[in-house]
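Please find one structure pasted underneath; my questions will follow.
First chain written, first letter: the chains are A, B, C and D, and each begins at residue 1.
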Amino acid sequence: MEDVQNHTPAIALNIDRVGIRRLKSPLLVRDRKDGKQQTVAQIDMGVDLPSAFKGTHMSRFVEELEAWNDEISYQSMRRLLENIKKCLGAQRAYVHFCFPYFIRKSAPASGSSSFVPYECRLTGELDEERQSFLLDVDVPVMTVCPCSKAISHEGAHSQRAIVRMSIRMTGFSWIEEFIEIAEKSGSSAVYTLLKREDEKFVTEHAFANPRFVEDVVRNVAQRLSAHEHVAWFRVEVESIESIHSHNAFASIERTCK
Amino acid sequence: MEDVQNHTPAIALNIDRVGIRRLKSPLLVRDRKDGKQQTVAQIDMGVDLPSAFKGTHMSRFVEELEAWNDEISYQSMRRLLENIKKCLGAQRAYVHFCFPYFIRKSAPASGSSSFVPYECRLTGELDEERQSFLLDVDVPVMTVCPCSKAISHEGAHSQRAIVRMSIRMTGFSWIEEFIEIAEKSGSSAVYTLLKREDEKFVTEHAFANPRFVEDVVRNVAQRLSAHEHVAWFRVEVESIESIHSHNAFASIERTCK
Amino acid sequence: MEDVQNHTPAIALNIDRVGIRRLKSPLLVRDRKDGKQQTVAQIDMGVDLPSAFKGTHMSRFVEELEAWNDEISYQSMRRLLENIKKCLGAQRAYVHFCFPYFIRKSAPASGSSSFVPYECRLTGELDEERQSFLLDVDVPVMTVCPCSKAISHEGAHSQRAIVRMSIRMTGFSWIEEFIEIAEKSGSSAVYTLLKREDEKFVTEHAFANPRFVEDVVRNVAQRLSAHEHVAWFRVEVESIESIHSHNAFASIERTCK
Amino acid sequence: MEDVQNHTPAIALNIDRVGIRRLKSPLLVRDRKDGKQQTVAQIDMGVDLPSAFKGTHMSRFVEELEAWNDEISYQSMRRLLENIKKCLGAQRAYVHFCFPYFIRKSAPASGSSSFVPYECRLTGELDEERQSFLLDVDVPVMTVCPCSKAISHEGAHSQRAIVRMSIRMTGFSWIEEFIEIAEKSGSSAVYTLLKREDEKFVTEHAFANPRFVEDVVRNVAQRLSAHEHVAWFRVEVESIESIHSHNAFASIERTCK
């Protein structure tokens, strides 16, 4: 059968990246407490394509993913990227996994435990020389507005806010470490299960620690800068303002080492 | 050219509804203050199809919409539904418009004005005898938790909540009337522009009126029941809980007259 | 500590349903081939609330879900619903699980196998007397347009379409049975992994079976009507038209037994 | 009243960008044919914040937007950015508008006309020295697979694909110019209204011009490179594969002058 992909294209331009996107698949992730965790990912995969070829061979991405069938880690992702490069005859390979990750968390007063979900993304790229590896984690927190608290006779508006961290690492770190950094940086962490004594604790703790999105983003940035394995980060905090129908946001990007 | 749609289908089943969906189009809406308002809609249109025909003629929906080109109202929607029925040779016609609607609102203390957006949906259906007409409006409000307030030494968690109303009417009413009902039913309305004195006002007003989603849904239900033109309603309140990463909701459906 | 939820509300109205929504959680599902499958769900849970009580106890939904911790089935869902009713002191309980389900599928010519994802929803409701149980499955298929094929010298436009089935059952059936019904009803099934000989097979098979959304919805409706355990269904087909930027759809709802 | 925003923050870090997000507003856009077009936008606005200040003044973004109230253009956006910088006391200002833009398009055979919607984004940034201005346009097209066509006895799979262009310009160009570039680069343009003779034309035209996502991205890249006002671009094509439930994509980024 004709291999149309190997034809010479009408326009001889190098393509930066070509591949498949929004592929859903089961995924095994490393878990600090339980060793491993079974979740579900949405996956993008791509390679470069030189100007001499009309098309890439899309089915090979799926074959490599099926053959890989591994727990995700820096090492296993490198193996996948190398296999993709070889199988597709490419100079550069790219994979991106987007998945919810669950951590069992205890309520602050009652100790009742439940799962809290965190959206994570792992992105790997491999060219001739080096592999880049990026971790993204989204962490919901609570923020209490310092301005509203200072000027009002009673109360202060609060809301859910999302801390979105992108982190380039120089060595292995657990996703849990970055989630803890974000949760310590808001007015309070959020929980799935809160009994009445926990709700009292969370409310009082949050009101004792009012934070603008600006305060939260600085808190996270300072802690990420101090982390031994963070080479670069970008953090963004977006709060679902309870007094508006639009959101507030703040972002900081830094190269650490 | 062959009219494949008019062929006899392999399976002789009546189809309840067939048509087009997610069509984006400019739309003119009646505005209580300014007479009319130009917005943008996503539109669904459909008809029934008897078992004798293989397919409907999809392009005619677009033609009827183009020919209609009218300000949306009960009367103009009836005209559109009648034209669709006739042009498609149908027993029943259906249209659904989903659009943001903007109201200029003044801040409660400073009086500063700005646009607040509300998601609306208008759904019309016409069969042999009667037209049904459904209005949906989504209104963001602020809720302060009564439990959190009662048990904490200081503060109470608050959040943005969405009041979603579906209303079947017996006579003309402005969208603005239902928005006002929802905004009066939360702990506070939300605003686009709030100066410092407004933020103080909103915070204090909201903390003086703590409301569960259960309280808000009952408030809205009572007010809709008392409205002279509401024949049936369904109201749902969903709050973006600031202490959780999941939401809380409550809903009531009633036939009024 | 004060139990504000048990207060008498200002407005004495029964609430149809109150609870939590968009809770993410790991979920275990029965799998025809492998026994069970670990996936991830988004969950809604609710109960009715009589006019005498100001609020429900939201944390109990999470406690019941944590205590349940079971593989999902008709029986296990009933257990969960009964526990919720008892724990919340309710007349009616409601749960809704939304999750991707994966099936390993072989390509039609090469036999190469890969995972295909299907969005599923399971909804259970329990009142004084009876439990209702609803299964929803979304199945992507390919459609080739019969009109385009009949009138053109060459080719015919094709596209991905989604078959959305809601099914009320009288006895146990596998999700796989309904997926097969949908996949047989389009111009072709879709696959995750297709080698060149498979792409040839799928293209030729699809072009030999051109189908309007009307044809697909009738095919599925006929097959669901003939299924021994289907008491009621609603099926909707929506095609992502390749010649338009809007979609086409058709739907049929029937009570079978 | 206390101005908490002007306090010294606990952590003295510069914030790259802080502001508001997902604000919905009516918007007036320049239209090549009709002079201007009323649409609806989602807007982000931000500034930098020096380490000496705890918070920015979020309400001023809304005030500046209200005061601006202008048709969007390179010049008017510059005015808005300058006003934001001045009013917020910032070194850098940023605005981002996301909106549907409608063009009346004639069907290729019948000449029947209808609106086709295109998602657009305009992003402006102003620092001490210079303004950057980025236009994004998403254009749906049809692609017919060259491989499927070459290897099958009959037919070829086709699908809707989205061409996403990001363009940095050196001088004024109409959005319409870039839409035309994208529409010429697929197997066929898509239309809202197609009569039977148009469907025949589109099908035959598309099958005479089969294109991989790789072909489309190269076609667009070549045409953008040749455009007199394009200084830099990034183009990405994503096709909603009709034979898979995942998508295919290809992207090229180039600095032109």
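Observations
To be clear about the criterion, a residue touches a chain if its C-beta (ideal position, glycine included) is under 8 Å from a C-beta of that chain, and two chains touch if they have at least 3 such contacts.
Here the structure is a predicted model, which is why all the values come from computation and not from measurement.
Residues touching across the subunit A and subunit C pair largely coincide in numbering: over half of the numbers involved belong to both copies. Averaging Cα atoms per chain gives one point for each, and the point farthest from that of subunit B is the centre of A. If you lay the C-alpha trace of subunit A over that of subunit B, the rotation comes to 180 degrees, to the nearest 5. Inter-chain spacing, taken between the CA centroids of subunit C and subunit D, is 34 Å. For this pair, subunit B with subunit D, the centres built from the Cα atoms lie 28 Å apart.
Residue positions of subunit D with contacts to 2 or more other chains are 1, 23-24, 117, 147, 151, 192, 194, 196, 200, 244-246. Subunit C contributes residues 116-117, 140, 142-145, 147-149, 151-160, 188, 190-192, 194, 196, 199-200, 202-204, 206-208, 240-246 to its touches with subunit D in the complex. If you check the complex, the residues on subunit B that touch subunit C are 1-2, 4-5, 9-11, 13-24, 44, 46, 49, 54-56, 58, 146-147, 150-151, 212-215, 217-219, 221-222, 238, 244-253.
By the touch criterion stated above, subunit B contacts subunit D in their complex at residues 1, 3, 23-26, 38-40, 59, 62-63, 66, 100, 102, 112-115, 117, 192-197, 200.
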